[in-house]
Structure formats: C-alpha cells, structure tokens
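What follows is a short report on a single structure.
Read from first to last, the chains carry the letters A, B, C and D; within each, the first residue is number 1.
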Amino acid sequence: MSIAVLQGSTRDGGNTEQLTKVLLEGVPCTEIVLREKRILPIHDQRHMEGGFDPVEDDYDEVIRQVLEHDIIIFASPVYWYGISGLLKNFMDRWSQSLRDSRYNFKELMARKTAYAVIVGGDDPRIKALPLIQQLKYSFEFVGLPFAGYVIGKASKPGDIIQDTRAIREAETLNAELRARVRGE
Amino acid sequence: MSIAVLQGSTRDGGNTEQLTKVLLEGVPCTEIVLREKRILPIHDQRHMEGGFDPVEDDYDEVIRQVLEHDIIIFASPVYWYGISGLLKNFMDRWSQSLRDSRYNFKELMARKTAYAVIVGGDDPRIKALPLIQQLKYSFEFVGLPFAGYVIGKASKPGDIIQDTRAIREAETLNAELRARVRGE
Amino acid sequence: MSIAVLQGSTRDGGNTEQLTKVLLEGVPCTEIVLREKRILPIHDQRHMEGGFDPVEDDYDEVIRQVLEHDIIIFASPVYWYGISGLLKNFMDRWSQSLRDSRYNFKELMARKTAYAVIVGGDDPRIKALPLIQQLKYSFEFVGLPFAGYVIGKASKPGDIIQDTRAIREAETLNAELRARVRGE
Amino acid sequence: MSIAVLQGSTRDGGNTEQLTKVLLEGVPCTEIVLREKRILPIHDQRHMEGGFDPVEDDYDEVIRQVLEHDIIIFASPVYWYGISGLLKNFMDRWSQSLRDSRYNFKELMARKTAYAVIVGGDDPRIKALPLIQQLKYSFEFVGLPFAGYVIGKASKPGDIIQDTRAIREAETLNAELRARVRGE
C-alpha cells in the first residue's frame, strides 16, 4: 500500500498543507506539489479526428506518478467554493488520459482509493459540500472509491490548529491510513 | 444594459457556445473567449506582507472588461462536474481583485446580474447541480444576483440541438435578456 | 403508457397543483391527492423478527395504484427546503414495500419513469436543489429513472402564473408526456 | 445553557439514539421523542383569511419545550435521503409558528444554536449531504446558527459502534457541548 498526495494548495506551508500533515503523520508517502509543476488547462480535442495533440508540460509525469500508488490524497484549499484551479486543471486533463492508448485509465484508477483534505474559510462544513459532491461524481466516473474526507476551517496562516474538530478527524483518518499501510 | 459573456469553453464552436448563441440571439454583447486569453492560476498571497505581486497575463484586461458591463453570462462546459479549469482559474483570481486598491470589486460586482449557461454530457440536470450551487455561493460572496441558468445535455459536437428542453429554456431567458436590454 | 400523479400539496388549488395542471394538460392521468388519504409515519421495524406489522391506513391502496401506472409525477410544494411531510411520510413507507412479499417493489418501480413538479417561495431554483438530489437518490435506490423536473417559484395563491420560465418548462415536459402517452 | 434533543428516530434504542447518547454523554438535556408525540402534517392555511385553524395534537406542547432551551439537537435517521417524516412533519409546522401571535418565533429561534446527529445506511457521508444543506437552509430561514453535525453509518441495530469516525466526531462535539453548558 503506497500513498500519493496531490497537493493543490498554491501557498507554501498553508493551512491545507498543515492539515494534510496531520493526516499523514508517520505514514510514508509521495508528495506531488502541483504548484511546482506546469500543467496547462485542457484543450478539448475529444472529438477531433486525430484525438488529443501531445501537450508539452508536466501532466504526463504527474499522472504516471499517481498511477503508481494505491491511495491518492486529494488536498485542496476551497477557492470560490471549488477545488483550486491548479487541481481542477489537473483533473480536467483526465479526459485526455481516458483516451490515452498507453494505459487503461479507468481500470487503473478503479483499483485505487481516494481521500480528500479540504480547507476553507467561509463556513466550509456547509459551503464545501458541493465540492465534495463534485469529487464524488468525478471519482465515480473512473470507478475510484472515495473512502473519506476531512473539511477544515481556516483563513489566516496557522488558523487550522484552532479547528479541533478537523484536527481530530484528520487524526482518525491517520489511524485508518496507518492500518491500511500495514496491510490490515 | 450591456452584456458580457465569459466563455469558458475550450473548444471552438462546441455545444456550450451553441447554447450560448441561442441565449443571446439578437442581443448585443461583448464575448470574452477565455481560451484566447492567458490567465494563470492564482498564487495565493493574501497573507503576504506586500500582498499580491503583479501578474503578467491577461487577467487584468479581462476583469476590467467584465466590470464595464451590467449583465455577465458565465458559460462553461461541465468538466469533471465543475466549471472548466479555464473559467475556474479566472474566478480564483477574483481573490486578487478583492484586494485591488484601484477599485472596490465587491461593490462593482454587486451592481451586476449573473446568468449561467452550462453544458454537460453525464446527466447534467442532476450532476451539474453542485456546480450551480458553487456558482451561487461565489456570486453571493461578492453580492452578485444570480438571475438564472440553463443546463444543457450534449457530448458530441452539435448534440445540443437535440436537447429541446435546454433550447426552449435558453429561448425563455433570451426573451428576458431582450427585455432587460430594452430597459424594461 | 399510463400516468399517476402523487400530489403532495396540502392546499386545494394551490400553486403546485396549478403547475401540475400545466404539465398534464390534455394528458389522461390518475390523480392521487395525498392530503385526502391517511398515511402514517413509518414505524421502522426492518430489524424486528416478525418484520413490519400491518398498518391500518391508506398506504397499501395508494402504493397499489402507483404500481399500476408507467409514469409517476411527484408533485410537492417546497416545505422547509424538502418535499412536504405528507409526501415524505408516503415515501418513507417504501421501506415497508421493499419487504412486502406480495410483490417485488424494486423490480416494479424500475420499469417506471419519474418526473417531479416542485414549487417553492424562497429562491427555489437554488434552494430546492438539495430536494432534487434527494429525489434522485431515492429513485436511484429503486432503479426508477428520473426523466425530468420543473421548479416553479410562487408564494401567494396564483403566483405561479407569473413564473414564465416554470410555465414554459412545464409546457415542454407536457409535449414530452403527450409523445410518451401516444407511444412515441 | 440548556439543551433539548428532538429525537426523530422511529425505533427504540436504534443507531440514531445511540449516536445521540455519545454526543450527550454526561450533559444534562431534555429529550423529546417525536414518535411518542402525535404531530399531524401541516395543512397549509398561510393564505386563508382566518389563518391557521388550531390543531388538536402535541405540536404546541413540543414547540414550547423547544423554545425553552438554548441548544437544540436535531437527531434523525436518514430515510430516503431526508430526515424522517416524523421530524419533517414537525418542522413543516414551523410555518404555523411563524404566524403564531403568542410569540415571535424567528426572534426566539435566532437566539438558539443547532446541532444535528444523522445516521444512514447508504453512503451517508455523501448521500446525506443534501439533507445537511436542507437543514442549513431551514435554520437560516429562522436565523438559527448551525454549529455542527455528525453523520454516522449504520444499518442493523448496534452497527453504529463500528463507525469509529462517527463515534470520535460525536465525542469531539460532546466536549464542545460540555464546555458550552459550563458557560465557557
């Protein structure tokens, strides 16, 4: 059982990263920091005769890394009540992977398990619920089980520590992840 | 009453653009095609001492155009159950506008009216509802009234014409927009 | 193709009934007015040894009528952002039908098609979306396809006539229903 | 700080009641068991000249009890992706209280704080989210702050004990409630 984090935060050491750390304390994982990658918005060529043109950016490398792991942690701040554009652009490109003949994207994704770490400033336990539903529909589309999520509330740097509920929920998921990694 | 379209489709002449055309038939408007602009993902510097660094892209020009109009049409395909990453990146940058001292972003946005045109392939009248709720929360945050939306179903190019319900709903909104433009 | 209306309005001739009339103009249908029936809240005995006790009310008669039709129209005002308690109590009792040995409830429901007519006073095109999602999940549970819905806005008696969008959407669905009844 | 529980479960000692117990361990509270009360569906007479007729049931007694407390716990199983019809009927009657001249319902409710305990069998952390949004809109309508919720997963009697996440979340809220009762 290996774990990859898709870190969609745009800020170094921000609240989303801090809560992700609580979730993963003591658990070996590969962190993929999307803001350090160059990932272009999708250009929808699903219906072009030649299919998608190859894109010169880091998407290919990142999705290959994702596909090598068993558990994927989607970490994102709540930006305008959705995941960050950074993570959204990455997920939009899945449409390209679905048509990539080098692997069967759906089949590979369906063998993995997803978790989400979401941090927002404006009543996120209510207003991030559409975001959670969007992730659910997306995961469902590729057959990826959505095993759990934690929603934290924070605005200013470091705020997340005050959100006792989120910290405890992250700790509960941490115990689950440790058990999974140990193969229980 | 002047109208601007924020076109979030990544494809030339796709279903989202076709449905937007029905909505705006005979109505003068400024079309802003986001895929022809360069708009970078936000780099969240809300909490940096110096605030946001200036960004070398087209965001500034586009948001200024938006602010000059009274009615804003948000047009987007449903990508992974959300708006396109293109439109998402644009909206994420509103966080920067909220801190821009050259204008009062909230005050200006609150005087406008928003509509949305959304086209998806996978049961969009159900599965695009989180997307609609997300837009609602975003508009609410800046005080922008959300006057209406139409959700169309289409996958392959030209499919949207078969979606009689969406076409008729777009026609109904077209009549409303014509009345607004005439100042009724 | 025969049609049954499950009328969940608690008021005679109210806005929900008026919009339902537009939907069904010229279409033969059986109207089941729930407020004229006595339907008790479910007493959950799913896990009792003897299963559910028989209940002395009109549920059995109503569900049998429903099961005799091909298309079911769920009509309800928005009460506190959900369907009326009247209709909710009726649907809660489906848990009893799922365990009724006299018929295979899921199998029978899965052959039908559902539509919904929903009328609310407080921004229903946004705030009734959770209600629509709840109906969707419920229909999905019994395999019942959800073919369409119309959401109207009205508070005072007769208001619904002013909601041009809802009236036109009901007319569009009316054309669909007529075609279905003619067997097209 | 006094606490009332509105228990919407229809089963004695079921999973919803068990999770509610964890939430309230060691905290003094008044339990209102709705299945032991007779509460009729609302008959919408908002627009009748004489207003609402008096109803011969227990609603009046129950709402008075609710109004005497500072914190209200809404406890309900997930029935068909909504609250139980029992609790729905009770909340529908709030429309009557809004027109009751003996008290100012909104003003009184706005001084209280709400929590929710929700237990469902079918992927409730996703499929009960519309239910949570519905409660949120309802509480918002009367100005009642929604301070937190816990969603548990359970079907057969006693299952809830296996849902470690829900138990821990209920314990976290228990600590909050204890602090509130102590006046912190």
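Heads up, the rule we're going with is that contacts are C-beta pairs under 8 Å (C-beta built on N, C-alpha and C of every residue); 3 or more make two chains touch, one makes a residue touch a chain.
In this text the structure is predicted, and so the values were computed from the model without any measurement.
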item: Centre distance in Å when chain A and chain D are each reduced to the mean of their C-alpha atoms; value: 34
item: Euclidean distance of C-alpha centroids - chain B vs chain D, Å; value: 38
item: Between chain C and chain D, centroid-to-centroid distance (C-alpha), Å; value: 25
item: Residue numbers of chain D (touch at least two other chains); value: 129, 133
item: Chain contact graph, described as a line, ring, star, complete graph or other shape; value: ring
item: Every chain pair meeting the contact rule; value: A-B, A-D, B-C, C-D
item: Contact set on chain A toward chain B in their complex; value: 9-11, 14, 35, 41-45, 47, 77, 79-86, 88-89, 91-92, 94-95, 122, 127, 129-131, 133-134, 137-138, 141, 156-157
item: Touching residues on chain B, where the partner in the complex is chain C; value: 125-126, 129, 132-133, 136, 146, 148-149, 164-165, 168-169, 172-173, 175
